[in-house]
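One chain, chain A, appears in both complexes that follow, with chain B as partner in the first and chain C in the second.
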Partner chain A sequence: MANLPKHAKRCCIIVLLCANMLSGCGFRDIDKRFFVVEMALDKGEKKPYKVSLKLAIPSPKMEPGDSKSQIISAEGDSIAETVRRMKSMVDKEFDFGHTKVFILGKPFAEEVDLRHALDWLARRRDIQGVAFLAMGQPDALTVLKVKPPSERLPGNSLILSFTREGTDSPFIVPEYWFDFYRRLRERGKDPYLPVIIPEQETFDISKVAVVAGGRSKLELDDRDTEIFNQLARYVQRSVLKGEYKGKSFEISVDQIKKKYRIVTPAEGQPSVEMHVTLKGEVEESAVSLFEKDWEMLERNLAENQKQRYVEVLEKLRDANVDPVGFGLRYRATRHHPATEWEEWQKIYPRVQFHVHVKVELKGTGIVK
Partner chain B sequence: MSIDDTIERLKQSSDFQCESLDNGRFKIELCYFTTLCDKAVIKKEAAHPFFHAEDASEYRERLSAALSCLKLDDDADPMPDLMRGYVLIRFDDASYSLEAAMAGNDKPLHATSEMTIQGPQTAFSEDVDTNLLLTRKRYPYPALVAEKRNLGKISQTKAYLVYDKEKCDPDVLRRAKGMLERIQADTVMAVGQLEALMTETKLRWFPTMVITERPDRVIFNLALGKIVILLDGTPYALVAPAVFYDFISAMDDMYQSFIVSRSLIIMRYIALLITIALPALYVAVVSYNPEIFRMQFALSVAGSRAAVPYPSFIEVIIMLFLIEALIEASLRLPSYIGSTATTVGGLILGQAAQMAGLVSSIMIIITSAVAISNFVVPINTMSFALRIAKYPLVLLASMFGLAGVVSGMFALALYVTNLENFGRPYFRLFLGEPSVAGYKESESD
Partner chain C sequence: MTRYYFYFFLICMLINTIFFVPRILLSQRFEGGIMAMILAVLIGSALALTFTKALSQFPGQGLPEILTAFMPSAIRIPILLFLGIMWGVAGSIIIITFSVITNRFLSPETSPEFLLICFCGICCWASTRKSSAIISVTEIVILLNLPIVAFIMYKAYTQKYFEWDAVKVMSDYTFKMPSWTLLSAATYPFTGYINFSLYNRYFKKLKVAHQWLIPIVGAAVLFTSIIVPIGVLGVTGVGDYLYTWISTADTLRMQYGFIERVVFLFLFIYIGFSLLFVTITWNIGIQLILECLPKRLKKVKRGRTALPWIVAFIIAAVTYWAGIVSNDKGMIGSVKVWLSIRFDSEILFVLLMVWMAWKRHRERRSEHG
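Let's look at the complex of A and B:
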């Protein structure tokens, strides 16, 4: 370079500058990409997979109810193949970087082994680990088609529900893809999926389905889902119902502490000793509570709550699913690489749950 | 060349005057440039004593006693002295040269390029002696040395090398003197040019010496042991050696409270990053990695870009070019037209370019953020250097995406780290400098 004549150097620089006008293959402007905001996986009619994509159509002005999107579906033998097939149905490149919600149809989640079916999600580099997984009832495509009138952007209402930026319902059990994948492969901690039931113009997300062995095994109703949310995740909000002289009152809980220990005595029943502390304020009551004996109210609430915890835990045990992670705790605390898992599988169906609930009333909301 | 030849040569100019004076007892001849000399001085120092002198020898004694008056040898060349405003006084047998230079622009000017809110409001003047006076007045310390130099083969511009002998590093001083010796240019007009002449490499990018118009900054740096070069004909002084941090610090930092000035400094560094990296990040994120945005924002960017048919880097280059042209135009225009240019360019063009679908509205925000952040840098030369830095990064971003931006920033850091001035590292913070204004932490003592 140094011994080239001066005009040759100048030519080099000009050529390099002109080369800037060309762009690399990775270069694709944001407006030449189709953002897939939701993806639905169902069982196909003829082929094993039916993939549906919700594509966002960006517009410079975005107002509530103005969200524009396009849904395309195709069937195929694998997800990768189907997606590749679908590329010929649109004019822009798919971008899965913003696919925040993957919806599995109910029959799909119950009949297909998710450990193999979802391999594509794990391998694609542009799919984010913080995407959410959910189960659609009756199938995933129906969920995709719902268009809530308040939505500013396509898919935004599901994202807001799951990220807790918007609603903060104790019935929604969001499940991240990275967490789902981890639980899917881990022995002793089972994954779960929130169940989305599409209604006329909105969604009802108040149930949870627990997955074991790669298939959806157990579905809990909304009452149990709330308890499940406290057990399997670190949710801090809940509502407790209590009774005072035949009249009911409710307290809203804003702090929940939970710890448990697995006890396996040489003789006798193995058990899980669980301690739960809840703190909250009275939210609704038919009687004036301020001057009553708070300790009695707390005991009453604790007794009720204990029943509900034991009920749900036993339901999970009887279905032989373990989303709380007792099995993982057992393996971690009694480590025998060769035998621990078999041991736990023998212990779990017999395990007894002893839940000790303590409720602390912080206030009655109003003074009198 | 003898004195007579010199005078013959200079007589071609009409402002060169040779007058014969006669007081009845003896005669003298005064030769000087009327444009360069102060007539009052000539009257007081040369004409008045001549009028009263009884004979030539008495007058000779008077001249010897006068301020700045030298006897010239017969073969001495009076030309350089005459060119600088000396008066040549000729007798029948001897010649004297008397300093009678008229001061040029010796009024201290208002600080215009480095404003402070509550610091001193006047800057240096265009006369180097006044500037030295300002410096001495604010730094009345016997160790302050001012060495005189005449720079430029033709211009012979008067310059002072000013330093605190007790505090300055002898090695730096030796290097600085050597650099001044080596200057080969015919004319030296401004300190920025002087900096270029003193630096060996031709491909200079970042300034390595601070150019300042503030006497308080000069004093502060003298006390830190730096050397200052004052140049005649410019209200700016050159401070060396400098570190990168010096260019990001305003004198106001010392006049504000601790928390306020530190927050402002942090803000300036953030602005520095914005002005360098934002256009490149826009290209990289919009064209390679849109997943970095939130989905909601990605869609609105995509929506605002939907009308723009060109790839993102063309859009960036169009906008950056326009804003650079605007800045350059408002610099060169007289100030009363300048504001019109800004309004036309900034408001109308920006809005219209977006409406016409030439650029996206996000790009307008980015362009103005980049331009505004650039003005945050207190020292003008650095702000110019940083204006250039974003272009290589845009180039890398359009070819390699985010990885290109990151490696470009890394390369930039390497380049700046590699810079040295006066054998001292350039890209360091102010660690180890003495605390002279109660401002920088001291580590050395």
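Let's look at the complex of A and C:
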């Protein structure tokens, strides 16, 4: 320090003095903030909105079951107003920067127009684009109250289910907020919400609700949700059931490729030609399969799978919802911007689905 | 030499494809936005290549010296003053917008005035440094940040949620005549070459290899800046966002990164880019304005160090005032006006350079023959 030139020393002192100013600009320390980890939106009893927040309570220990949190809720005419009202119920500032899961109550999602109701989320700068949206059944607050005994951090078990870092279930259909908003605004691709059903100390996330026109329109059961996951999303894992001479076997799929195009002949039925290729290995079987004719097994599996695809696609079509994005594809491949959307709306209810499934068996596990 | 040329080209490209250009183009994406980009690649590259060729007639000379040789000071000074102000405004726009963005996304509790003062102070200091130092810093910042930008772009294109169908929908709206504002917005990213009208002083010979890269890199960056937001925010949804690229970066997640949200990485990189861009433009602006002052002022020994500071301070003060009185809506309106003026004057400026280069070329020939 002693042999530095004089002006360098002077500079150091000035910089240090300036650093003093940095603390005084209204910044709230971390111990004066409440981190909201989950937010639940319900229909209120008296007012249109009932907002519930799960506030994380930081703790020095990080052991399973030790996650501490506090839930508060209030009713109001809008989300913004309710949140402002809730500020007087706590002693710290809310921080929404870490809110990873937004849960909409089932009645809320079915009766309120989400295109306007969720404006608060879109408008706020600190709401993450990569937060998750879900639907709570029977309502969102019940989901918030579940406390899984294995949870290390408040709200972590839902986050792990949705990010697929923890469980990798083919029934969970995670939906990012940015994707939900994009689909909500887009013509020809409808948003969806995974349905969370709270149980004693855990959740069951195995259903999906499809939203159209800003309201939840159709709910699929777990069997269909698995298929939905393959059609509308990019899931690579699944399970196929096949039959060999009356004995059933299952294969686990680890690669799914799908592509489709929309055919609208001048005469005749419009149709969606979809090609799906699944690759997998036998997981469980009542008979030894290694010596059998694999092509026949593959055909049998493909036939079963094809029916499931068509079934789900027709269900979606009959409810006039389009989470796969056929409408958007139609708009992308036809070039008359003024009329194509109206055309598609007329075409979609009578479109036929021709699904061509190809199953490729890679092996039978480590036994024959 | 070649690499410095591309640094300035890139910094302008990267800055302007984030701040206003996508927002203006996307707000009119159904009314000629796409066509404006296609035309901009042609016009922007043509202007860049012509200008570079013309400037190679004046090795080691900056704009003030070149102008002195061809016109009386009555014409020269207004031109220099006008250009100096244009450069100053280019930086001011970025600094105001960036202070708003920083305030909104990084430190909402800090007052916007305080942030703006900090940024203005840093840029004031940085822009009064020697130009050669600024040129070197440009290299460092670009080399440090470009890999991260490339990583973010790679992540954006390869993410599963990228919707190519949405991009294809836009193809229906290609053949629409763009307005002049759109065209001037779309050509702005190509303007990086213009910094050489002054920085040419520091290079003995302006010889740029691989000039074919300009239209290719330009088109790639410009189209990326439009395609990625449409792909991840949707055809209709993309029009809703004010800070298009920040919202786009917020759709990316780094599962195993230190910070989960890519948007923060993105913002920190762009702090560097923005401050560097402002430093460059203000540095050139200050020097151009200083050239207009009468010689006797510059002879004063003490004044030599104080003058750039005074000019920088005036620019910063005006910027601060503009930042305080403007709001989001007024800002984008005035940026549109500024962009149109810039485009017109850029064309005239390049034509002027061509005329002077042609004259110089003829003089040389008559000397030899």
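Here is the rule we use: the second predicted complex is superposed on the first by the 344 of 368 C-alpha atoms of A that agree within 3 Å, B and C clash if a C-alpha of one lies under 4 Å from a C-alpha of the other, contacts with A are read in each partner's own complex, and residues count from 1 in each chain.
Methods note: a contact is a pair of C-beta atoms (placed from the backbone, for glycine too) under 8 Å apart; a residue touches a chain by one contact, two chains touch by 3 or more.
As the structure is a prediction and not an experimental result, all values here were calculated from the model.
Peer 1: Given the touch rule stated above, what does A:V37 touch, chain B (first), chain C (second), both, or neither?
Peer 2: First partner only, chain B.
Peer 1: Look at A:R28 in the shared chain and tell me whether it touches chain B only, chain C only, both, or neither; answer first, second, both or neither.
Peer 2: Touch status of A:R28: both partners.
Peer 1: Looking at A:E186 after the superposition, I want to know if it touches chain B, chain C, both of them or none. Which is it: first, second, both, neither?
Peer 2: Only chain C is touched by A:E186; chain B is not.
Peer 1: Pick one for A:V287: touches chain B only (first), chain C only (second), both, or neither.
Peer 2: In the superposition, A:V287 contacts neither chain B nor chain C.
Peer 1: Just chain B (first), just chain C (second), both, or neither: which does A:V90 touch?
Peer 2: In the superposed model, A:V90 contacts neither chain B nor chain C.
Peer 1: Check whether A:A56 is in contact with chain B, with chain C, with both or with neither, and answer first, second, both or neither.
Peer 2: The answer is first: A:A56 touches chain B but not chain C.
Peer 1: May I ask you to decide whether A:I159 touches chain B, chain C, both, or neither, giving the answer as first, second, both or neither?
Peer 2: A:I159 contacts chain B only, not chain C.
Peer 1: Could you say whether A:P337 touches chain B, chain C, both of them, or neither, answering first, second, both or neither?
Peer 2: The second partner, chain C, only.
Peer 1: Who does A:D126 touch here: chain B (first), chain C (second), both, or neither?
Peer 2: In the superposition, A:D126 touches chain B and chain C alike.
Peer 1: Overlap of the chain B and chain C footprints on chain A, residue-wise?
Peer 2: Shared contact residues on chain A: 26-28, 126, 128.
Peer 1: For chain A, which residues count as touching chain B in their complex?
Peer 2: 20, 23-24, 26-31, 33, 35, 37, 56, 58-62, 95, 97-98, 100, 126, 128, 152-153, 155-156, 159
Peer 1: For the complex, give me every residue of chain A touching chain C.
Peer 2: By the definition above, chain A touches chain C via 25-28, 122, 125-126, 128-130, 163, 165, 176, 178-179, 181-187, 189, 234, 325, 328-329, 331-333, 335-337, 340.
Peer 1: Touching residues of chain C toward chain A in the complex: what are they?
Peer 2: Chain C residues touching chain A: 30, 104-105, 107-111, 114, 160-161, 163-169, 171-173, 232-237, 240, 247, 250-253, 255, 260-261, 263.
Peer 1: Sort out for me which residues of chain B touch chain A in the complex.
Peer 2: 286-291, 295-296, 298-308, 311-313, 361, 395, 398-401
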